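What follows are several structures.
Here come two complexes built around chain A, the first alongside chain B, the second alongside chain C.
== the complex of A and B ==
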């Protein structure tokens, strides 16, 4: 039973990290990018390729993975968000981010193939049950990521500007903030964090071109459960979703997993639309 | 008043001329038909999701046609391949099937070579009254009443499962069986067949799970099967990642029950995903008699002969496994046997010939077609093999219970 819970928490960590990545992009652009899950996919495949195919050390694989994430994040903002957000108040970013995500996924499958490939062990360790790195790496990194983001938002100028933009982009621009550049930075950061999540969970997921779509959905559910904009909420939402799906499988059977996950989302949206840690937006009329 | 004359009887000059032209053309037709090549339509997804397997099938198909042409072709006519790449897209498969049967004037259509693409082409090929060699394993592809010109050139999925269930119960002597399948249509269909074959033996699975093949960890499913008292796990999925995770989860829990399953479990691609190669021990996959070597380590003579003849080009296709290129060979071999027996390429004559040949011994295995059964492949052509026992020549030794 302990292994089931740990496995669920590890998955929850991965979902939580994906939810945090959603938050970073949302803070500056109010866009919930459909390409969020693909950052992890690109990062995971890139690291596996560098380490296992090019035979370079794991740390170089990590750097390559983060660089790939940064470039993908920046291109996402440039291609799928900047002009769309500037030109229209409608939610056309749904289409543009979905299109870019699909193109990236297909390109990765054409170059690296459709079969999953193995992911290297990050630390030399025999399988150690509940203490195995494939479980605690995503779990610990998700916590570190949430803490790091909180520190970043509260203690760095860039983080404070992200917060300012999340509250009122027009006011931030009126005070001389280069909102386009800040948005681009937030997407670069999101790409790096997304790729890092793919690296952390690579031993669970393998390097697989199909990872992004499923991860994007699970991450979004974690985000909605925890509350959009809240780092703690993202972590808690991920942990709830991960353990709930694992326990559902254990007690009721794997065929109920998705029903339970989606059911949880609907239930929460009905009872507490702002999520567990989200805040209600008051609109002046 | 103008007089209008209408000819109602008699033979005019134009009629005589056109009749003479028609007669001349008719007399010339057999000679032209005897010389023109036999056109074999061939749809295979050599790009896309199933590319590596399809490329090997395509290679086997082309080598077999080349061998026939080298020996004078069929009925003295050369064979021409009209190939289309469906890229694993059913809509492309449908449009290519229409193009081949209606515009390209083919004599036979082989493929598409996976069930999802083949299903929507059945009505098209049948409607065009073309002979159809079908390369998918799903049961619904074959129906001699609805599609009288359709013949399967590999085993049916139910045959794999029937043999796997027999192996678990009679050879491994296990009665507590857990089924784990993916949530694709194929996975669910396979689960139902396992349950059905167990019911025929008055048995029920102790655990059954249908799982998303992209789920990153399957420890929970394995633990549930373990707690249900399973003595053997049977998996039905062709997703290498899913199968790899399943074997890893069993190995990591040091729960050494056998895993028996779909041929995917034998792929080297699965072995690469395993944390330890030893996790592949005590894993059995559905294979074919044509892969099993004799005491001297030799493959069946007709398989070895085909591989030896094409040893210069076979290299890149060995990774997909012997069954892949032999399946391509089987489509051509079966059609050639039918045409030879019929002495004609007329689809209905070839159909009658295929139904009357006692046995077609293709390197892939023996095929026997009857007017009421167009499946052909015989159960005894399927055997279980040890996953971690593949030999350098691509074969497997006879199965050994671990």
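== the complex of A and C ==
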């Protein structure tokens, strides 16, 4: 039973990290990217390939995975977001990010095959039940990531500019902020964090090409439950969703996971549309 | 006006070609591809109303297609119903499920709605695999065929063609008049639409339920055309295909998505090696269309047609009809 809850919390950590990645991209561009879950997928597969197929040490795998995430994040800003944000059409970014996510997922499945492959152990540790690294690694990393992001937003110039852009892009631009480059930076950061989350949770999810879509959905539910823009909300939303998923699997079976998750999402959106920790925004007409 | 004759002429020629296709091509496989395109079109025609006209980006219609297919197989197969009754019942079931799905999710803004429908598609695929007592799990189910005149490939093709034509006619009617205007209005500006008393939520819901109904019908036809269905057939990629067909065809036109559906379905079937790259290819096309021509090929055709006609328009001058004007003013005075 303890194992069920711990594995749920670990999954929740992964979902929370995905929600944080959504937040990073949303802050500068107001885009919720369909490709968010794919960062973790690309990072996970890349690390698994470097370590297991090329037999290189784990730290090189980590670097490769972060690099892949950064490149993918930068490319997704360049290809799928920049022109769309400039055109300022509401729905087009849904389509462009969906297109990019589909392409990346298919390309990965064509190159690396469709079978989930096991992920290497990050630290030399025997399987230790509840205290195993595959549980505490994503959990601790998600908390570290949330704290790190808060510090970054509050105390670094780049972070402050992200906040400024999320408040008002035009005003930031008028004050001489290169909004295009800041947006690109936020996507690179998102790619790195997403790939890192895929690396941390690799032992939990395996390196699987289909992870991206499911994770994009779960991370989004965590985000919507917690409230867009809130780091605490992302973690809490992830933890709620992860625990609920694990308990559902334990009591009813794995086939009801998504039904329960989407039920939670719809219930919450009906009761509290801005999420648990979100702030209501008055929409301008 | 030349254009007034041109469009009906094209439609008539195409209809004749479609009706006589079994005689033109002796190849059963080409006929099968054409049938599949027709089946998809039954779904895409009304999904176009939802995505293209109303602007609700539903990725999860493949879930409704699956439910329609399984309902048809269960009712017409193991329950022994008349296939046509089963087909209609499948449509009604999907309409009800569409209503239940639409009630909460159509209140959500763009990306939330897309995610909710994506989740619905995943849930259906998951349950189809898991609920073995109902769906036979991954083993799948045999699909019954239709009675006497429609049991050959030719007969079934004509049946699909008839239903597709009927659905096209329905959507064409719906899109031209008040409903169509309301859909386009609420897509382009929800606030402006509601200020002229268009019932936003109701319009979305009716369109969604209608598209759910034909998705169910398409599901039944799809099952028969494949003659055996497994949960693998209803992956999310198929939903993305429907979606891409509409987007590249163009928002707010009917003929564009049809061409999109036909071309996208035909290419991987007819060019064998491309089948593996099908979904990747759809992603590439979607990205290019969104970036280069956001209105899709339909808009491109419109723009080209406009360019060709522009000289005529520049030459027309509107002269006031002075005599009529004078009498009109005189009558008032």
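Please note the rule applied: the second predicted complex is superposed on the first by the 278 of 285 C-alpha atoms of A that agree within 3 Å, B and C clash if a C-alpha of one lies under 4 Å from a C-alpha of the other, contacts with A are read in each partner's own complex, and residues count from 1 in each chain.
Heads up, the rule we're going with is that contacts are C-beta pairs under 8 Å (C-beta built on N, C-alpha and C of every residue); 3 or more make two chains touch, one makes a residue touch a chain.
Just so it is clear, the structure is predicted and the values come from calculations on it, not from any experiment.
Asker: Sharing chain A, do chain B and chain C clash or fit in the superposition?
Answerer: clash
Asker: Where does A:118 make contact in the superposed view: on chain B (first), on chain C (second), on both, or on neither?
Answerer: In the superposition, A:118 touches chain B alone.
Asker: Contacts for A:258 in the overlay, against chain B (first) and chain C (second): which applies, first, second, both or neither?
Answerer: Both: A:258 reaches chain B and chain C.
Asker: With both complexes superposed on chain A, which partner does A:127 reach: first (chain B), second (chain C), both or neither?
Answerer: The answer is first: A:127 touches chain B but not chain C.
Asker: In the superposed arrangement, which partner chain does A:95 touch: chain B (first), chain C (second), both, or neither?
Answerer: Second partner only, chain C.
Asker: Quick check for you: in the superposed arrangement, does A:21 touch first (chain B), second (chain C), both or neither?
Answerer: A:21 sits against neither chain B nor chain C.
Asker: On the A-aligned overlay, A:214 touches which partner chain: chain B = first, chain C = second, or both, or neither?
Answerer: Touch status of A:214: both partners.
Asker: Chain B: which of 181-189, 217-225 or 379-387 bumps into chain C?
Answerer: The listed stretch with clashing C-alpha atoms is 181-189.
Asker: Output the chain A positions appearing in both contact lists, the one against chain B and the one against chain C.
Answerer: Residues 214, 253-255, 257-258 of chain A touch both chain B and chain C.
Asker: State the interface residues of chain B toward chain A in the complex, per the touch definition above.
Answerer: Residues of chain B touching chain A: 48-49, 183, 208-212, 214-217, 219-221, 223-224, 240-241, 244-245, 251-253, 269, 272-273, 275.
Asker: Using the touch definition from the top, list the residues of chain C that touch chain A in their complex.
Answerer: Those residues of chain C that touch chain A are 55, 57, 59, 104-105, 107-108, 110-112, 114-116, 118-120, 122-123, 126-127, 129-131, 191, 236-237, 240, 243, 247, 276-277, 279-280, 282-284, 286-287, 290-291, 294.
Asker: Please output the residues of chain A touching chain C within their complex, sorted ascending.
Answerer: Interface residues on the chain A side: 32, 79-80, 83-84, 87, 89-92, 94-96, 98-103, 106-107, 110, 213-214, 217, 220-221, 224, 253-255, 257-259, 261-262, 265-266, 269-270, 285.
Asker: Quick one: which bits of chain A touch chain B in the complex? Just the residue numbers, please.
Answerer: The contact residues of chain A facing chain B are 1, 3-4, 7-8, 10-11, 14, 114-118, 127, 129, 132, 201, 204-206, 208, 210-211, 214, 246-247, 249-250, 253-255, 257-258.
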